[in-house]
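Below you'll find a set of structures to go through.
Shared between the two complexes below is subunit A, which pairs with subunit B and subunit C, respectively.
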Partner chain A sequence: MRHGKYPFIIGFLVVPVALYVTFVVWAYIQAFYLSVYEWSGLGPVENFVGFDNFKKMWDDTTFWQSIKHNIFLLVFLPIITVVLALIFAFLLNVGGGQKGGVIRGVWGSKVYRIIFFFPQLLALAIVAVIFGRVFGPDKSGMINGLFPDSWSPWLFLADERYAMGCILVVLVWQAVGFYVVLFSAGMGNIPTEVYEAAAIDGASRVTLFFKITIPLLWNTVQVAWVYLGIAAFDAFALVNIMTVDRGGPDGATSVLSLMIYRNAFEFSQAGYASALGVVLFFLTLTFAWVTLSATRRESVEA
Partner chain B sequence: MVAPARPAAPAPASTVPLKRRKAKADEGVITVGRSRSGTILANTAGIVFGVFMLFPVYWVLNTAFKPADEVLALEPGFWPSNPTFDNFISAFKAPLFLKDMLNGVIITLFAVAGALVVGFLGALAIARFQFYGRKAIILVVLVVQLIPFLSLLIPLFLMLQNVNLGFKTFNLTNSLIGVSITYLVLILPYTVWTLRGFISGIPRELDEAALIDGCTRSQVFWRIILPLTGPGLVATSVYGFIQAWNEFIIINTLNSPDKQNLMAWLLQNQTTRGTAWGPLMAGAIITSIPVVIFFLIIQRNIATGLTAGAVKG
Partner chain C sequence: MTTITKTPGTKPLSAGRAPEPKRDLKIATGLSHVALVAWALITAGPLLWVLLASFKSNTEIFLGKPFALPNSFSFDTYVNAWSDAHIGRYFINSVFVVVISTAGTMLLGAMAAYVLARYKFPGNRAIYYLFVSGLAFPTFMALAPLFYILKGIGLLGSFTGLILVYIAYSLPFTIFFLAAFFKSLPYEIEEAATVDGASHIRKFFQIMMPMARSGLVSITIFNIVGQWNQYLLPVVIMSGPGADQKLLLTQGIAQISVSAGYQAEWSTLFAALVLTILPMIIVYAIFQRQIQAGLTAGAVK
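What follows is the complex of A and B.
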């Protein structure tokens, strides 16, 4: 049986590994290499500057502004999304109370499942275009249009104070359905006996939620947290399409990924962009590692 | 309201059977500890949130079917008073729309088919063999997958500009091939990971029985594992399709408008034809239709698909 195993393994793995090494691993090595050059992005790579790109970053106010915005998203995107998704997954699965001794979801939970998943189907490009309309800064905007003409319209994305909040709303709107479905799948695996036993003992919905659902779903929540944190580090697509002046007004929505893109393809500073990419690389990995080790706890067997 | 009108479809399979079984077993247990006001509150929260989730999508449909003067009216109506298909027609007639649509189809098909073939083989190796470096491969792929793709755009651009095959160098930027390969690589880790989950779910005893009956190893893969992975292949290709079809950052950077897909087309048109919201929204709907159709096909299994890769150790 063991005979002749390696020809198969090598034969099967050679193509995927080759593709992955060329396009991802090698590309990362190149990105690291470029980060120590001052290079426009055209012509041969020359002008070695060591860590100057990183020093430049340290003194760059846009960089710190972008980091601040990434941290804002990093804090709020996972919290809001996970909380909303948990609540609604709970409502869909066990929130409807008992009938005939069986725990059920709220009325119409099958419809909700589809509705919540809908934003997931729309490409970010389309989501961005739609929410450009939702947040329209005049009466033709969807939200402003709902209020009487005498009100002065909100500026939303054109207002430094709210612009980042608008991005956050869209990110949550887009992400929440996926996590409702993910958590629902997890809750479906929790035996209903557990809930029913607790309900007979007089547990309220809130108790069921905190004492049963959350502990039994902890692993899934943890994974969700990491995914969402990583989405917060990215956020490029929405910021790039939706915001005023791309990252504006006045840098109020600039994020790290947007800086990378603009430096690379607009400001002809590919070397600096690569250095930013290296920072993003380590930030993401550090975040994932810290989150996974900080939230580790004994998983409860269902 | 295209998709929301399909609520009759069953809920994800994972939750339903359990409850049905319980319904028979537990009938007659006393109902305790649930307040009526709590139920009302829960339902209200559901409805409010449902509206919040659905409203923007409804607005797209509303705008797409309105004639131009209604779209720009100061008092936006909640229903098109004279529904029309004009916006769809003008989207189809818009420059590059059909071309970019075709590009998108070609790129997506190539990327998904390629990722399925390559990914299935990779998944087989990882799921069915123990070998040196197996854990390392899995770890590297999973970790690197976490990092935003954006930092790879510059090296990618450089590499595609100068593809050296020994006898000749090619420039694959601004070509469908370059983007197709990039997308293939982009969806490959997911494909391998998910298929690995499905393959691990096939009992090894089947392999062994076939081997004892005289199958060669290759025959085991073709005749036993491949057919049994069928549903997994479908689910995986749908997710791959959605990824590749919806991507626009890479294609926007690498290619010029006549070599882009519909997503990039939409963005182009948003900036150049700012207020033509009707055709733009119609374009957005047309662009989303394939994804919605595929979603409805696999809708039952969506939860299974999401978790298949995650649970099988």
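What follows is the complex of A and C.
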């Protein structure tokens, strides 16, 4: 048994650890390091500036605009997606009411689930290209094409007021199906006797939803909330591909991820980009921590 | 949205007390279907529209009436998309990269997870947490350094570089998931094999891997879909001279979309989108149960 244990362990770990340290750990360490340097991305890194990159951020209007847009997504993406997904999952699993003493989903729930889930399989980049056209500002766009000919076309993404809303709609469109499936799996774990007992006591479907489904599903909802929040900090593919002038019009859809990318690879501000990355890291951690501690409940055992 | 949220509430509360009146139940069920059908249409509508538009001429697209059938079914747009717009090449690039990187991720991830889950040695926990902590960091933070690391070792703009990066960034979740899985497997069979004199490597490949099959399948699907859909990493890494031959599908589609926008010439773009989406639909139709299980596996635990 002892024979050859350590050579085996080392043999199995050396390649994964080497790859991981080179491309992931080292990159993150460098990000912290570069965040206190002014560095264009060329030549040696020697212009130490302390916290100047962060001070610069404080005075950068694009930064605050981006933060505002990220917060907009952070608030609305999880709430809309979770509410819709919970309702659909409930209808699919419990909505059919009782027949022969068995609680079931509505008719055709399998088909609905298959259709709802599909967008999750598409890359956000592909979704961005599709919806760039769905929101097309003339008759060639799907939505404007559906409007009567007498209406003047809506600008959607080209209108500062609605551009961010369009981004939100697309993110919700893609996410809902995934969480329907996730919540359905959770609801499947709730013993049917619980529902049946409640139904015998005369509970309506609304009562079942709020008094049984939600409390028993709380942990899954928490996880969903954190996942969606993290997605709200990304949205890079959508903004980079779908929006007017990438982040426009006039900065109306700028988000942190896009700012990091453009500073690193287009504005020759690798140091500043790294500082923005550090801020993004702490924002994500704070969000996850706040969500998990604010939504902590006595866990209910089924 | 308000109509949707009200759906479950339409049944009067009193109805629950008495034996359920059939009519109220029918109304509630009917409204449920309205909400579900509405979302199904919202989900499928844009995809159906892309399919219809892919057969239309550019003039026809600009006429509006998005869900009207095309005047004639022409496949010229598809020929353009496949060859002139290079969808074929991007597709093959993506398949090539994802096949190798997923295989690499699974092999290396399973090896590391197995050792970390089932062998005691100094530093075990430290290495495990080093991997798992990778889950907490946003990839965006590493972008600039990653670019210069790859440039420094001459792998920028190469498939090798991209594949290695895909593997490295997929390891934290793969190891996190598989280590938990390997831990849950029984020890008796392994011990019996040890008594019979099986080597560590043989135990891993012939006993543990087959036993861990269901977990491996889930996480393989998770990685295939995740890597197939990557956009950010290819955009950063497949840049520089000669990279335009090596674009992946997500990048390629985005690029076609930009050039289509300049010329307001959309029909080729729609055909390119169909060529991209159709294989996904076929794969999904065959493996939908496994795919749903694989993608949600991460969130359940």
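Heads up, the rule we're going with is that the second predicted complex is superposed on the first by the 284 of 302 C-alpha atoms of A that agree within 3 Å, B and C clash if a C-alpha of one lies under 4 Å from a C-alpha of the other, contacts with A are read in each partner's own complex, and residues count from 1 in each chain.
Quick note on the criterion: a residue touches a chain if its C-beta (ideal position, glycine included) is under 8 Å from a C-beta of that chain, and two chains touch if they have at least 3 such contacts.
Please read all numbers here as calculations on a predicted model, not as lab measurements.
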Fit-or-clash call for subunit B and subunit C when the two complexes are aligned on subunit A: clash
Partner chain(s) touched by A:T192 [first = subunit B, second = subunit C, both, neither]: first
Which superposed partner A:F209 touches (first subunit B, second subunit C, both, neither): second
Touching partner for A:I200 - first (subunit B), second (subunit C), both, neither: first
Which of subunit B and subunit C A:A294 touches, first, second, both or neither: neither
First, second, both or neither for A:N93, with subunit B first and subunit C second: first
Which superposed partner A:V83 touches (first subunit B, second subunit C, both, neither): second
Residues on subunit A lying within both footprints (that of subunit B and that of subunit C): 1, 4-6, 8-9, 12-13, 15-17, 19-20, 22-28, 30-31, 34, 41, 84, 87-88, 91-92, 95-98, 106-108, 112-119, 121-126, 129-134, 139-140, 142, 145, 173, 176-177, 181-182, 185-186, 199, 202-205, 223, 230, 233-234, 236-237, 240-241, 257, 260-261, 264-265, 270, 273-274, 277-278, 280-281, 284-285
Subunit C to subunit A touching residues, read off their complex: 1, 4-5, 7-9, 11, 13, 15-17, 20, 25, 28-29, 32-33, 35-36, 39-40, 42-47, 49-50, 53, 61-67, 108-109, 111-112, 114-116, 119, 121, 127, 130-131, 134, 136-138, 140-149, 164-165, 167-169, 171-172, 175, 194, 199-201, 204, 225, 228-232, 235-236, 239, 249-251, 253-254, 257, 264, 266, 269-270, 273, 276-277, 280-281, 284, 288, 291-292, 295-296, 299-300
In the complex with subunit C, residue positions of subunit A that touch it: 1, 4-6, 8-9, 12-13, 15-17, 19-20, 22-28, 30-31, 34, 41, 80, 83-84, 87-88, 90-92, 95-98, 106-108, 112-126, 128-134, 138-140, 142, 144-146, 149, 173, 176-178, 181-182, 185-186, 199, 202-207, 209, 220, 223-224, 227, 230, 233-234, 236-237, 240-241, 256-257, 260-261, 264-265, 270, 273-274, 277-278, 280-281, 284-285
Residue numbers on subunit A that touch subunit B, as the complex places them: 1, 4-6, 8-9, 11-13, 15-17, 19-20, 22-28, 30-31, 34, 41, 84, 87-88, 91-93, 95-104, 106-119, 121-126, 129-134, 139-140, 142, 145, 173, 176-177, 181-182, 184-189, 191-192, 196, 199-205, 223, 226, 230, 233-234, 236-237, 240-241, 257, 260-261, 264-265, 270, 273-274, 276-278, 280-281, 284-285, 288
Contact set on subunit B toward subunit A in their complex: 3-4, 6-7, 9-12, 14-15, 18-19, 22-23, 26-35, 38-39, 42-43, 45-46, 49-50, 52-57, 59-60, 63, 72, 74, 76, 118-119, 121-122, 124-125, 129, 131, 137, 140-141, 143-144, 146-148, 150-156, 158-159, 181-182, 184-185, 188-189, 192, 208, 211, 217, 242, 245-246, 248-249, 253, 263-264, 266-267, 270, 277, 280-281, 284, 287-288, 291-292, 295, 299, 302-304, 306-307, 310
